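There are structures below to look over.
Paired with subunit B in one complex and with subunit C in the other, subunit A is shared by the two complexes that follow.
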Partner chain A sequence: MNPLLKGFLREVMPWTWQVFFALAVCTAASLSFDASLGAHSLGTYLAYISILPMVLLFRIGSVLDRRAQQGWPHQEILRNANGHKAPLNEMIGSAILLGATLLLGMAPIVSGLYPMPNPSSGLYPVHVQFTTQDDGTELWLFDLGSTVPKTARLLLTVDWSEATVSPENAVVQSPDERQVRPIPGELVQWDLSEAEARVGKLVLQPNAQSGLILRKQLCRLEIPRPEADALPRLLLHQFLFFLPLFAILLAWFRCGRIRGSLSAMATFTIASIAALPLSPVDLGSGPVAALAKMLVLVKLALPPVEGLLATGHRFDRLADTTPELGIMGWLMLGGLALWLATRRRPPRKG
Partner chain B sequence: MNAVITRQASSFCMTSTPVLQVQHLGLSRGGRRLVAPLDLQLSAGERGLIFGGNGSGKTTFMETLCDLLPVTEGEVKHVGRIGYVPQEPRFPDHLTCKDYLNQLHQLSAAPKRQRQPDVSQALGLFQLQNHAFDPIGSLSRGWRQRMNLARAWLSAPELLLLDEPQTALDPSGMQALQDAIEQSQVSAVLIVAPQGVGCDDLAPLLLELQPPASA
Partner chain C sequence: MKRNLPSAGQILAIGLLLLGLAGASLGTVQPLGARSWQGFQGWWTLRRFHQAESDGDLPAMLELGKQHLQLTGQGDALEFAAYHVAYGASGPSSNRLPADALYWAQTGLQALEESQDLLPDPWSSLQTQAYTLVERVFPLTYDRDDLYQGLRAIEDRLAAGGGIVQSSSGLSQLYRDFLTLPDSERNPFILKRLERALIPEDE
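Showing the complex of A and B:
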């Protein structure tokens, strides 16, 4: 390993910090999976683990500040004509530490220290309410609020009391002519297509003049919980979410010439906005609403990557909802930030 | 007139390509001009000394030459890498001398073959071998100055800029500095220091900076 990279890794993560991270992971596992303490939720565990990359972000910010006080920027200007060696090493170092942190997050589960209860047996899927509209033309319009996992399905309750069709002839179908036969006394189960899951909206239509009535209050979206073996994939998602943020931190610090701790704060703000799930809420008016609208605008300008940081109680709904294009866009944003960070620093003002 | 040119810099130019060219460089601090526009040229293997008292703009001049301050008037051109000995060096005190120089050696833009002197040679130039594994923070002021010099000599920069390099050096340190300058066949060396502090014999005098009249 080259001395620059080794020096950066040692400075960011001395043994005291390594112990702190290991203890933090153990605590997270205890609070999530312990028989008496734990919330028995993978989403809770992922939420605790996601704190560590953020701590790492601020830690790197403070190390960048310290290195600036130690005269490293001067040495870079003096020794490196194109100025890319130090930021590239810092980026590689950040990626290694991020990867190691998330791998550490797998340790309590993989080692069997905290056997995670497998909640994905189908016994306890998540049921989510959503908006249902009826336009009076016997079209059932469903708005799921946002992208949902491809594995989700609709559970619909149909009232047959005014039905004019026999159960054998009753059909509910979508515009692309996929159909399902409703059976009296049973829930209508509609598996979402990839497009429907992505858009989060769909239209279904029963037979014309069938008299089938949709019980809107009883409509549910059923989302299977990710299984225990989904943990590596979900941690990889966190890796993809946080990796560009370290490049953005370096860009703030090096190109924006902002102090490392403030750069970390600015990056954390971007991360918070990127992780914000948008839902159709009327924001109203007033200064707070104006601020919220501004945040929404910034959020819309960023790639839709909130699904990569699926944590907490809504993680089942967000996990695996990020489109590949969103991930590509997010990584490209990180690439752009890294390119900015590797540009040679101009002399400071006299 | 704040600068007295005691000898034309061009008289020191040899036949090779200039490593450092300074044309009509104006220096100012806090909106106040420090010296009259300066002209200077150094080629590989050449050495030069600039005298200047307190507040005459020596450090501002050196920091402008090595791109740490912007050029506001005139032009500075240099070829290749610069080794700079600042008057007030800053170090990562928690690193050992060897670890720090290893990292700086890696930072150098020069190809590995050309990075001579390497870390052990640079330590040897200033008799720092016995302190190679000591944290920099544990060194005395004099040994820190030797580290300051070793850092500048590392990886064979084409231009060495020394700002009061004699600071805190004992006679053996001064001798090591003199030997290192004499051995620097490839690098051009420019020294700034006050007159009479021990640097007078390190290089031929190029010019003398004087503080502004009102300072």
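Showing the complex of A and C:
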């Protein structure tokens, strides 16, 4: 192995840190999957595991700081005239450590120490509004809050006690003419189209003056939870989310000429904004709204990759919602940051 | 005197950091790792809920059930607490004074109603609501609104066929039978069904 790479790996991850990471994974698995004490949630486990790449980010920041104090930038010029070698090795080292950390996250499950929780469906409240058209047709407007997986469906409770339409003639349909026939005493199940899932909003309408009453408080969105074999895929998504962040950290440090710890904090802020699920709400006006709008603008400037970090109890809402173009854009951003990091810069004076 | 001005990179990094901090304090941005903290809080709340259950601390059970729902989106703890408080603690076997029994029944119901918008499986809580109103609250208040509210909750449960978790073709058929009746016979029909469910067939 390249001595530079070997040195970087040893410096970032000495045995004390290796033990800490192993203990952290064991604790996370115990808190999540233990038969009597655990939360029995794959999302919670993924949330605990996602802390480790962040720790790694700050750890690399502190190593970069230490190296700067030891005069590494000056030595790098002597070692390699193009200035590519050190940042490339740091990036490869970061990728190796990130991959190893996430592989370690699979160990408690793969080893059979803990069983995976049974996959069930997540049920989420839905915001509903009603409007009436000129012909008396009522429109049901659903706001799902954000992009949801394509496998999601709406479950609607319809009150037939004042219905003027017979069950044979009753229809609930969308503007694109997809329709479902409601049956008295059964939930109306509406499978979302790709566009509805992406936008997170949809409109349904029953027959004109049908007398069907939608029970607003009982509308739910059902999302099938990823099954046990989804763990490697979800961890790979975390890998894709965090990898460009390490390149951004190196770019901040080398191009921005700022301390490694400050670079790590700035990268952490970018990651927090990138992981923010945007909900279509009216932000209003005022200084707070202006700040929120600024954050939304930064978020919109980044590729939509919040689905890559599908963690927490509501992880099924985010899992598998990231478009491939978004992933490509995010990786390209990382590539650009790496290119910036490898550009020859004269060392700092003093 | 030599003065070091901050570089463009430093200004940008600090500006971004301040923007993130302000966003986090306003709740617009969730810092990375916040979901892990929420997961841990949810786990800890459930541990405290079980402790309150073994201590028989009814108000704490309700409060922790609500907290668990807020943190994790799971309603099992709250539904269990509400059933325990509203239906169990107000029942004849609890040997409480009528005013005390009514207080607990209404407290449990209030917790359920306040959280109905958030409960993942609202159809199962309708059953607790209906039975508490009809069997516990109405005999103590003789308020017709309480009775009708209970009947309404059961009607909603029937309209959903029992909901997604406890769906039953029997409930769906019951709702179709209910719809064939004239308005004046609908409430007595549901009440009769409720009473039949409350009293086992062999008694």
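The working rule: the second predicted complex is superposed on the first by the 313 of 350 C-alpha atoms of A that agree within 3 Å, B and C clash if a C-alpha of one lies under 4 Å from a C-alpha of the other, contacts with A are read in each partner's own complex, and residues count from 1 in each chain.
Quick note on the criterion: a contact is a pair of C-beta atoms (placed from the backbone, for glycine too) under 8 Å apart; a residue touches a chain by one contact, two chains touch by 3 or more.
All values derive from a computational prediction rather than experimental measurement.
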Fit or clash - subunit C, subunit B, common subunit A: fit
Which of subunit B and subunit C A:D34 touches, first, second, both or neither: neither
Touched partner set for A:Q69, first subunit B, second subunit C, both or neither: first
Greater subunit A contact set [subunit C / subunit B]: C
Which superposed partner A:R314 touches (first subunit B, second subunit C, both, neither): second
Partner chain(s) touched by A:I270 [first = subunit B, second = subunit C, both, neither]: second
Which superposed partner A:D176 touches (first subunit B, second subunit C, both, neither): neither
First (subunit B), second (subunit C), both or neither touched by A:E186: second
Which of subunit B and subunit C A:L218 touches, first, second, both or neither: second
Touching partner for A:L4 - first (subunit B), second (subunit C), both, neither: first
First, second, both or neither for A:L262, with subunit B first and subunit C second: second
Smallest separation of CA atoms, subunit C relative to subunit B, angstrom: 7
Subunit A - residues contacting subunit B, complex: 2-4, 7, 11, 67, 69-72, 74-82, 85-86, 346-350
Partner subunit A, residues of subunit B touching it in the complex: 28-29, 60, 64, 66-70, 72, 81-84, 86, 89-95, 99, 102-109, 151, 155, 157
Parts of subunit C lying in touch with subunit A, wherever the complex brings them together: 7-10, 12-14, 16-17, 19-20, 22-24, 26, 28-33, 35-36, 38-40, 42-43, 46-47, 71-74, 116-123, 155-156, 158-161, 163-164, 167, 171-176, 179, 186
Touching residues (chain side subunit A, partner subunit C) in the complex: 31-32, 37-39, 41, 43-44, 47-48, 50-51, 54, 121-125, 155, 157-161, 163, 183-187, 215, 217-218, 220, 222, 252, 255-258, 262-263, 265-266, 268-273, 275-276, 288, 291-292, 294-295, 298, 309, 311-314
